[in-house]
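After this come two complexes, each holding chain A, first together with chain B and then together with chain C.
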Partner chain A sequence: MSLLSISELSTHFRLPSGALRALDGVSLDLEAGETLGIVGESGCGKSTLGKSILRLVEPSAGAISFDGEDITTISQRGLALFRRRAQMVFQDPFASLNPRHSIRKILTAPLIVHGIGGSGKVGKAERNRRVEDIVRRVGLEVEALDRYPHEFSGGQRQRIGIARALVLQPDLVICDEPVSALDLSIQAQTLNLLGRMKADLGLSYIFISHDLSVVRYFTDRVMVMYLGRVVESAPTRQLWSTPRHPYTRALMDAVPDPARRRHAAPIRGDLPSPQNLPTGCRFHPRCPLATELCTKVEPPLKDFGNGQSAACHHV
Partner chain B sequence: MSEHFILPRGDGPSLLAVDDLRVAFGEKQPVKGISFEINEGETLAIVGESGSGKSLTALSIMGLLPAGGTIAHGSIQFEGREITTLAPREARALRGGSIGMIFQEPMTCLNPVMTIGAQIIEALRQHQSLSRKAARARALELLDLVRIPDPHRRIDDFPYQLSGGMRQRVMIAVAVACSPRLLIADEPTTALDVTIQAQVLDLIDRLRRELSMAVLLITHDLGVVSQWADRVVVMYAGRKVEQARPDAMFGNPLHPYTRGLLNASPRLGDSYNYIDGPLYEIPGSISSLAGDRGCAFAPRCAHVRAGCRDAVPALATLSHGRQVACPVLLSEENRVTAVDL
Partner chain C sequence: MPPSNVRALRLAPERVPAEGRAAEIVSLADWPSVEQPVVPLVPKSAPSRARRLLSVIGHNPLAVSGGAILLFVALMGLTSPLLYPGDPLAIVAEPFIWPGTDAAHPLGTDSLGRDMLAGIVHGAAVSLQVGVFATFLGLLIGVSVGAVAGYFGGWTDVVLSRVTEVFQTLPNFVMLVVVVAIAQPSIATLSVAIAIVTWPGVARLSRAEFRTLREKDFVLAARSLGFGHVRIIVSEILPSALPPIIVTASVMVASAILMESALSFMGLGDPNVVSWGSMIGAGREYLRTAWYMCALPGFAIMLTVLALNLLGDALNEILNPRRQVRR
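Presenting the complex of A and B:
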């Protein structure tokens, strides 16, 4: 049984200017111990997917099952238990830590919310023990606990953000662009930390990123999204050896890479607004392979074997 | 690397010469003496992480240092003329005239209550005596030049009606309105999606050739540098640590910091996966400085020696204009001059 199983999940927002179909019929399975990358550009729905899984935004349709239990119909108490086991690391280490709380308070809050350690002196001691343990694991000193977010660099703050997610000893961590706001030398440190924590604590990750090179390094499997839909899904090595979908290929070609001279002209056109989706295949206005069929019929995901599937009429 | 074809680029006289520039904010000196030249028609990239001083260097050239910042030392010559001592009026004529610039976030640089046409026309009429009608016609040409589809319809749009990529194109149209000799682009694509980034950088490169202007590209992205720069300056903590052509720098980085950065970045063309092992790490962060006396990178450096903390290493100049500020690696690798092609 998969740790997380999502079927036909849709999240639509109603805006004054019309409906926004941020996420439209997305399915995925995540095995325990696996890292699944979600990659795509603005408006592809990758962040909405992460938030919908934790029900930080309410999905409009579809099912999410975690460890065999349906999260979309669960009770409030069940939801609280689920969130203890599924945590999130955010992109911006400056915006996601309360500047007026000490690091100890920031890291203790999730434990109090979830009633860990119990009441009285014993509970407090237990919470302190856990907080001190996690802060050392992420590579900070225990002295850091009595300082405030502004006293730390961006990389250290992201370590604190990771500690906050891990202090509850979750099974699943959703990382939403966890290294995008960090300098290059700090990115490597942070990715290595996430890798160590995964091995030490037996975590599973959903790793949301726009950065293909980071996704290639850090994931076992990748889902490529475009305007709310999955266009391709494959084991990481396979996706890079034989990318099928024209959008996947365009995305890979667009990333400037020191190891490679540019060979392809960038794909034309702008990303359409998710409020005004193209008919048929959502990629057709920018696609070099598009035909009449693509403008009318939305292609289903085709299975290529070896765990790879792509949604294109022409592959 | 003979398969690289080199685009015809100017090797002409230097258009901009920055000499020992130091920028001070009170006691602090975030730019500690940097020198470089930009030749006519070339793209020079300055690459560095936050705190390297790359953006302050660009803002010094524009005369747009934030409040409290001053040029404490050094000179900046543009077309042979010192521009650090210009009167405000002359500086304004230079900005947007002979030197254009674009920034990271087009939404905050464009005026939200003016149509894009009005903003281009304003830039034109500020620097050239054009009638309204002639300026509007020129604005349409510029929108066409930066490949805004359907310029006649778009010219009366407001910025909010455009996508991020289109707004950056409008910013570029404003910046090149007066056919500048130099375009300063400070992280021009950092806020853009990767497929749009490629379009915008290709556009800047095409305009560089068509308008024979030079480009100063400020970026943190090594991939961008590798594809769009003729020469690269690597900055660390306010100083230049290495300067090279991109193929030389990526093929054979000479400064420990440059090497560390290249090793620490996951590469798209590399199947190395977390299962295979961790990424190379540069320990610490740029804030761990060695004080003013020694090499600023010493606390993080894998090759550090006793002498590194005593004096700031001088820039050694090798063949082909290559420079590196690290005597340790140069002495260890006597062969560097031989492979420095």
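Presenting the complex of A and C:
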């Protein structure tokens, strides 16, 4: 059984100017120990997907099953237990730590909320032990605990963000662009840290990113999203060797490559507004392969074997 | 060839790890070039937040002068039972002694022969009590309503915002007079009445703060960690929402003092205590012949309100995040 199984998940926002279909019928499966990458342009719904899985935004339809339990209809108590097991690492290490709290408080509060360690002096000692352990694991000194977030660099803050996500010993961590706000050298350190934590603590990751090189390096399987839908899903290596969907191919061509001198052909036009979606295939106004059919009928995900599937009429 | 974008990152070699990844990632972690085991911290030089804040306040002339005046008034109020142990409303001398003519009554006496200085000293206690209680109550109601409305949004927000607006559209002073007329005037009822007319402003301010702050990543993080609503409101959001509220509070104390004075001037204050407003009210008939009876308590009010406004301006300057260079 997969750790996380999502079927036909939709999240729509009601705005004064109309409904915004940020997420429209997304399905995925995540095995324990797997790292699933989610890529796409900004506004394609990848962050909304992450937040919907954790119920930080309420999904409008669909089911999320975590370890066999449906998260969308779970009781308050069940939700509290789920929160212990699924965590998030945020993009902006400056905004995601409360500037008014010391690192010790930031890392201890989750333990207190979930009653870990118990009460009294023993509980406090146990929580301190855990907090010190996690701080060392993410490569910071124990002295860091009594500092405030503003005393750290971006990379160090992201380590704290990772420590906070891991202090409850979760099974699933959703990394929402965890390195895109960091310098390149720090990106590598942070990715290596995430990789080591995964091996040490037996985690599963959903890794949201718009950076294809990072995703290619870090994930086992990739889902490509476009305007709230999955357009292609495949094991990472297979996606890079044989990308099927024209959008996936365009994305890969858009990555600058020093070995290839010619200019990459950009994707035509801009991302349409998710409040005013194109008919038929959502990608057809920008697609080089688009035909009459694409403007009318939305293509279903076609299975290509070996775990690869793509939603296009012409591949 | 697939685009070898990996190189742009300078972290991966030609081979791209794929299957059986968990094991490989561990081996990636000990690539010598990229991973540094422990990131050294910057040496701790900065003093604690509180101490830094105190030193900033100490270097702000507005804060120092406002604080000094306020401290003086507060000391006056606190020591009033020692300075003038008797009832300040008792007749102690001839009426109409001008200030500076009688050493026993340095600020003279009023039309009934009550000591002016005793009145002003005791009045300081009353004014500050009303100012502080009313502000405390107003903040309590206003911040609670604003926090709940701003944090939860939706229907909760709609209902609470309408209630706030209803209170805000009522003419303040009329409302105040009505409340005091219904209840017996005392320091407690005056404070409650003033809080009832001042909380909507605080509510709107804190609602706006909470609305912005609830979208912050650190609040999302708190939610994903399973924090309860109360903990998020009180421990996560409130500390960041406080600075503008503190600034407002200092001005609220000033306006509460003014409202109390105005009520007492009209004879709607507590008849059993002397307050600056009631002293002005008692002296107004003799404005032409003995103007000091109005001028002295008036000066006391002006000075206190000025001090509070200076302090408010200074706090605004210090706590305003846009002007805050070091945090």
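Methods note: the second predicted complex is superposed on the first by the 310 of 315 C-alpha atoms of A that agree within 3 Å, B and C clash if a C-alpha of one lies under 4 Å from a C-alpha of the other, contacts with A are read in each partner's own complex, and residues count from 1 in each chain.
FYI, a residue touches a chain if its C-beta (ideal position, glycine included) is under 8 Å from a C-beta of that chain, and two chains touch if they have at least 3 such contacts.
Note that the structure is predicted; figures quoted are calculated from it, not measured.
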| item | value |
| --- | --- |
| First (chain B), second (chain C), both or neither touched by A:G195 | both |
| First (chain B), second (chain C), both or neither touched by A:R77 | neither |
| Partner chain(s) touched by A:K121 [first = chain B, second = chain C, both, neither] | neither |
| Touch count on chain A, higher of chain B and chain C | C |
| Which of chain B and chain C A:L97 touches, first, second, both or neither | second |
| Partner chain in contact with A:A250 - chain B first, chain C second, else both or neither | first |
| Partner chain in contact with A:R14 - chain B first, chain C second, else both or neither | neither |
| First (chain B), second (chain C), both or neither touched by A:A144 | second |
| Partner chain(s) touched by A:S42 [first = chain B, second = chain C, both, neither] | first |
| Common interface residues of chain A - those touching chain B in one complex and chain C in the other | 35, 153, 155-156, 184-185, 187-189, 191-192, 195-196, 212-214, 216-217, 220, 236-237, 240, 252-253, 255-260 |
| Residue numbers on chain A that touch chain B, as the complex places them | 35, 41-42, 153-156, 183-189, 191-192, 195-196, 210, 212-214, 216-218, 220, 236-237, 240, 250-262, 265-268, 270-271, 273 |
| Chain A to chain C touching residues, read off their complex | 33, 35, 51, 54, 56, 79-80, 83-84, 86-88, 90-92, 95-101, 109-110, 113-114, 139-141, 143-144, 147-148, 150-153, 155-156, 159, 161, 164, 168, 184-185, 187-189, 191-193, 195-196, 198-199, 212-214, 216-217, 220, 235-237, 240-241, 252-253, 255-260 |
| Interfacial residue positions of chain B with respect to chain A in the complex | 3-4, 49-50, 163-166, 193-199, 201-202, 220-228, 246, 250, 260-262, 264-275, 278-283, 285-287, 300 |
| Interfacial residue positions of chain C with respect to chain A in the complex | 1-12, 16-19, 21-23, 25-26, 28-29, 31, 34-42, 44, 46, 49, 216-218, 220-228, 231, 235-236, 239-240, 327 |
